[in-house]
Amino acid sequence: MTKDFEPTIVAFLCKWCSSAGSDLAGVSRMKYPPNVIPITVMCSGSVSPLYIFNAFQKGADGVLVSGCHPGDCHYIKGNFYARRRIALVKELLDFIGLESERFKMSWVSAAEGTKYTEIIKDFVKELKPLGPQKKLRRDQ
Amino acid sequence: MVEMEQLQKEAKEILKQGKVKFVIGYSKGSQNLTATPVFIKKPEHTSRLIWDPTCVQNLVKFIVDDKQKQSREKKPDERPVGIVVKGCDSRAINVLIQEKFIDRDDVYILGLSCEELGVVDEKKIAQKLEGKKIEKIEFAKKNNLIVSTKDGEKKIPVKDVLADRCLECKAHFPVIYDQLFGEETEREVKEPYKSIKKTESQSPKKRWDFWKEQLEKCIRCYACRSICPMCYCDECVADSINMAVTAETTAEEKAQKIKWIERSPALSENIGYHLIRAIHLAGRCIDCGECERACPVDIPLRLLNKKLEKAAHELFDYDVGFDHKKPSLISSFKDEDPEDFIR
Amino acid sequence: MEKILTKKEFPSWIKNLKSFNVYGPVKKDALWEYERIQDPDKLDLNFKNTVLSPKKIIFPQREVILDFNHKKKGKPEIQEALPEETKNVIFGVRPCDARALTLTDKVFEEEPGDKYYLRRRHQTVTVGLTCSDPPSENCFCTSLGGSPHSTEGLDILMTELNHKYYVHSFTDKGRELMKAASDVFKNPSEKDKKDLKQVHKESEKKIKRQVKELSKITDKLKGMFDSPFWDEESMSCLKCGICTYLCPTCHCFDISDEVLSSSPLKGQRVRTWDTCQFPYFTMHSSGHNPRPDKSSRLRQRILHKFSYFVDNYDDYQCTGCGRCISKCPVDIDIIEVLEKVKDYE
Amino acid sequence: MNENIYLPKLAKIIKIKQEVSGSRPIKTFRTQFLESSDFSHRSGQCAMLSVLGKGEAMISISSSPLEKDYLQFSILKSGRVTTALHEMEEGDIIGIRGPYGNHFPIEKWKGKNILFIGGGIGLAPIWSVLQTARAKKADYGKLALIYGARTSNDWVFKEELQELKNEMDIHLSIDCEEEGCNEFVGFVPQNVADKKPSPKNSISITCGPPIMIKFVIEALQELGFKDEQIYTTVENKMKCGIGKCGRCNIGKHYVCKDGPVYSWAELKTLPQEY
Amino acid sequence: MKKRIGVFVCHCGINIAGTVDVDKAAKKLAEHQDVEHSVDYVYMCSDPGQNMIKEAIKEKKLDSIVVSCCSPTLHESTFRKAAKEAGINEFQCEIANIREQCSWVHKDKEKATEKAEKITKSAVERVAKNESLEPIGFPVTSRALVIGGGIAGIQAALDIADSGYEVILVEREPSIGGHMIQLSETFPTLDCSQCILTPKMVEVSKHPNIKLMTYSEVQEISGYVGNFNVKILKKPTYVDPDACTLCDDCTEACPVVVPNEFDLGLTGRKAIYIPFPQAIPATFTLDIKNCPGLLPIACGKCADVCEPDAIDYDMEPEVVEEKVGAIVVATGFEQYDKEKMKEYGYGKYPDVLNGLQFERLLSASGPTQGKVLRPSDHKEPKEVVFIQCVGSRDPELHCSYCSKICCMYTAKHAMLYKHHVPDGQAYIFYIDIRSGGKNYEEFVQRTTEEDGVVYLRGKVSKIFEENNKITVWGVDTLTGKEIEINADMVVLAMALTPSKNSQELAKKLKLSTDKDGFLAEAHPKLRPVESITSGMFLAGAAQAPKDIPEVVAQASGAAAKAISILSQEQLFHSPMVAEVNETLCTGCGMCIDVCPYEALSLEQGKAEVNRVLCEGCGTCSATCLRAAVKVKNITPGQIFEMIDASVGG
């Protein structure tokens, strides 16, 4: 694939942990590639499979869902439902042949700015060789 | 063995007593080789009921239909509906009860055990006949199908043409019923997920090529959704053209209906539709195989659902339709749910 | 023009049609579909009924009507998106499907005419194939005034005679197509002509299913609008679109806007097939639905085909291809329904 | 056959007037084509309005054909397209194609009294013919209007109605008692029965919700109106406007093409599918 | 509705402008259909910046704004306030975070600008569909419920009552006082426990704002913060406390003797009894479980002798319903189950006692009137072995946690033992000595230095009775020597566990518990007295083992938290809550399953949201197959557009 390819990643970050973690990365002036566009949601449990499919359909090259670590959910257990739901979405997307690298889930706490930075760096690195995601994308 | 006469007798009895408003069952098909759904209202018509391996349909969809019809009626007949179900179909009833769409009392269940067999796959029979036109098909005892073509009669053992889902079925007798016909036989299934094995073992590229070719065929007739007993929503989120509107629905609500997918039968929209359908059936699909059977363009839709059935079983120890008192797959979790895919 | 073409030479004919987009039946797994042919060997004339009729080439399931874009504060721009000007040929058109095109012609030709349909129709040559053996167990073309060798709606009819085809063109478009490879054709012998007659005659006899006294049924239907008959017949209907989407004569469509970008606005207005069998087809924006249930929708399908269309266009809107019967997941059989109408009450 | 019937022509909204506010708002739009157009309609016809990105909606033309400067539409906010129209401002551009359907046979009614009966937004389709008849007053007998809505806020063309009061008999009504409103309280059919218009040498045109139309026709028949003297308009879901997309049919009739104007004599022979 | 949106891109000095071309971004956003006004400014949060926003709102008739600046955690409230001051609803203001999530983490100006535009556009799409919302206000019942009448509950009840609010104090036992009233003296000051607690108990009984309900249990709780409905079961005592003169004739007459719980079985009591002399309320209770029968025929002796006719066999259990606005849960602790401690001979050898029993032996009001005597033969024990960490810090077999107070009370026991039996010898087996706390370490030092207590580091391997002695085998891990002590008495410092029924109560209250069954606090550091359920607070050892001063401090903290609710006329709740589209809802109940707050319920076959309970997490929305539930202002429709903006559509 072309070296110049810059993937677009849509990241659904829960407000209390992962979005705060990404804020911390900013406050700490850590650097990661600008390929990720965050969408802050209240809880990872609120991320519907439809959002994920839709992001891919609209041309996202990668999608990240990130929430609080198990047991730390601001809403007690939302991330547990997310974990199950996302696992199913992942199984399904894998099964139809979407590269598994394109869809990720992570636990990022408010203290894990570094982890968030690493996740994005690695995500971009993994997506680059795959090239643009055309499988689910609408023809433009 | 399921005695057809007993089934007919029981159906006749409950109709006579007025216990049910009608009985949904199978009768001999007219042209196609499989049985056809029949709605029996009068006790004297119960002799039309049959039971053999051509009874492929999942009749539970008609329970859904009746329930929806009732909700529109001012004075609905609230008596239960009598229904003939196989093992898989009975699990559909369980899911409907689990999801409070129906009450246990809404149905009078005439459960049939598939015993050693199951039902046939029309496509497999067609393959056996190498494209020859079927003139007549009959089910003979000892589990054979007698198929007549222009070249004469041919005997096909049912076992050779059983539907894949039956070969993979873990519970081939009803899990919920009012009357059971036939034996609660045990059957060991060696490979409950055999049909997805091949696809699973392929590379992502191969898998994609396969699904691309399959889903490009979709003409969005929505037969898969229409025949599915779990697709009982008034409005399907996956489809921008339908909308449940009442007098209370505001113009804004109508205007803001989200078009998750367009109605164009383009590949991306077809995939969108089938992905949404599959994920919405996770933990709900009881593998009656009706979506795949109904599909006019032969998309192996069952595989998508089977994949998630397997995931539910292997990752979350969840089997669909066995217990209507348990919360659904996606409305429950366990602390030890796997998370090795999460960073 | 009447000629003989050996099966061996058939691919050469196609290869000579360089300026045409060639379509024809192609087998995929267990099914046949009309597809654009690149390799003539893929074209399979020994085919059972395709899932969709060649209607899908003339009247595609999705068609862009116009492209639009609208920048903020600017004037909206609308770009007409007519089909490309091409020359198309469809091989292996079944006589029933060709007759069906003459029916959709009636609808789309009626003033004001539909440019999209008509352009495709006019630039497409239809090459028919006699159904020496019925391609479906549910064929009943003969009940509707057609036959397995009907020429209506066709430019050319090919009839299989053992290892060769008897190729008969009746229109300029057809003759032109044959001239494109004149050297592969030979003149037919008297025996060929005799054989042809025989095959045609035999083919009619092989159509097993039929509806008798259709005109009587049409008359009877006029009084059956409010009959409980439709409730009974539609009990098992699933409200899916198979019967109508697969029908070669159904022409209902939807027009909707597909937005590619919301700001600045960019998108397409598209026409897609629609069907009277979908519950929301006729629903007003108020939620009121003149055809609220499946019985009224089955009634619409039958009445449209065998009553309204007859009134409006003096023809049945059905050519007896049998697709709706073969593919109905719950065995709703239009022949049986019609027969029941006849015997009702 | 050079014209592409599906291509809308661009028109500018030159005036917007809020007729009815509240949860079921109605606005009246006046539009002018950007380029000169041969669009010419007759009273009772409809046009397909389009908002790009949202779609199209069939709306009856409420201005008289005699009005050459603009086309007027009064639109109830109801779905995706009408909501978008309601969000528009003067100067915004929409698409229009048409006109579609048949029209009121007004030329046949010369010398006759015309009774207009409307309910709610149903005054819009009548408005065109009413304006035409009013402009050619000499051609017709007595003109009268019976019009009602749920509340006085729900009346459309409030100011115009006040003006018209000088020219013709206008009988307004509201469904329920309302402070400060002295008009008839009750449904439109009751008002018709109350006012007892004479069927003699008269034509009546009724438009409104289906249930109202049904009872108005009964009331008119009670008063001695013959089926041929009763006209109404029918509405069904439409997409193409030219009898091809197959969804607006009532029996063999396509409302977009063979309707929307029907005399009761015709309509009663059609199945109840609207 | 089509919106008139204003976009305000902040430079944040060079914090944003250094990496993002703010001018370009503002101009780009101006191209958006719904954006009426788009500008950049050096510091949006400054007064001039805020004024600029306010003026623009008024001048351009904006109905909603997006401020593209730092994280919403910093200035969302600032700008929402400004928006409100300019006359638009505060929920029509959204923040696009282009600093922490963009300018600070990227270097490439072009790409950062592009990203900032997308983030801002995403916020524009969101605000374009925001509804104007008002915080949901609801009234507060200014009364509190305190569950548990130990020192924690007493303290919390008194604090709340002293602030002028009514308190209902519910205690399961016939008297308040809890475990503290059983203690002899308290470390490190050796105050007499009863002497310091009884005044508080009396205060409770006399306090005009406290309604004391002893011998009662919470049966059911419904409602939500500010508005709880509580059902309390009042068990019958069969004695009318107002009539009872405390003459004690009934106990004399009663023929039944059972172990006395107050003395942990070291003494007996009658079936009709007063738990201890200072009991509050000061009245007798007829223990129905041990009474031969309520029918006078069966026994009836107590009623016969009761002159004031205070005994009423017909007394029925009573369920009292109360409304309260806040709840303090102080259900205390229990000693670790003896059944699990067989290896120490507890329950088998009478002279192996647990810590509380030893407290009773030390107590002047105890079974031996403060003399340390062996239960078996009433002889003074000359050698006593104290064993710490009995059940605690033993993740394999027992409790993994440290019970926190045992080190100190064992030191106290040893010291007091020495005060009672100066010629005796005390040994303490310990793993570590944990003496964090004011004057605690000094206290422990005193036991060894002044009282000669022998501390042996190590675990006990075996305890058995031999020759009227209790032989203790153990190893001193410091010296590596095996030790055998022929003791007269062994005292076990049992692990502390949550009191029995506390799991059951937690369920009723919808409180979560930790892995050990202690009630879980909302946040271990920052919200230690709050539970996860709004309006319910935790105090005392029910939350974790702790000593008296800590308990009292936490109780006062919980009381203060409760008061902060009770003192409000109205409470307010974020209006970003779930709402159900009834047309689409089929009543499957999956949203109800997943709601962490039980904010959803099924009403006539449709899901219904209790807006006060809903925290707006949206898990219901993602679970609903029919998209019938959405959270206001972060709806699927908004996310749909935000995804569009994010991928550049």
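Worth pointing out:
All chains are identified by letter, namely A, B, C, D and E, in their written order; residue positions are counted from 1 within each chain.
The definition used in the following text is that a contact is a pair of C-beta atoms (placed from the backbone, for glycine too) under 8 Å apart; a residue touches a chain by one contact, two chains touch by 3 or more.
Please read these numbers as outputs of a predicted model, since none were measured by experiment.
Two chain pairs, B-E and C-D, are weighed by contacting C-beta pairs, with C-D ahead. Most remote from chain A, judged by the distance between CA-atom centroids, is D. Chain centres here are Cα means. That of chain B falls 31 Å from that of chain C.
With centres defined as mean CA coordinates, chain D is found 49 Å away from chain B.
Chain C and chain E have centres, each the mean of its CA atoms, that are 73 Å apart. Centre-to-centre spacing of chain A and chain B amounts to 35 Å, using the average Cα coordinate of each chain.
For chain A, residues that reach two or more other chains under the stated contact definition are 49-50, 54, 77, 81, 85, 138. Annotation for chain B: residues 237, 245-246, 249, 252, 254, 260, 266, 330-332 touch two or more other chains. Touching of two or more other chains is recorded for residues 54, 78-79, 82 of chain D. Chain contact summary for the complex, chain E toward chain A: residues 71-73, 97, 99-102, 104-108, 111-112, 114-115, 118-119, 122, 512, 532, 576, 594, 596, 615-619, 621-623, 627, 631, 634, 636, 639-640, 642-644, 646-649.
Looking at the complex, you find that chain A touches chain E at residues 6, 8, 10, 19-20, 22-27, 29-34, 37-43, 45-51, 54-55, 58-60, 74-78, 81-82, 85, 117. Chain B makes touch with chain A in their complex at residues 196, 199-200, 204-212, 237, 260-261, 266, 268-269, 271-272, 275-276, 278-279, 282, 303-304, 307-308, 311-312, 315-316, 329-333, 335, 337-339, 341-343. Residue ranges on chain A touching chain B, taken from their complex, read 49-50, 53-54, 57, 70, 77, 80-81, 83-100, 104-107, 119, 135-139. Those residues of chain B whose C-beta lies close enough to touch chain D in the complex are 250-252, 254-255, 257.
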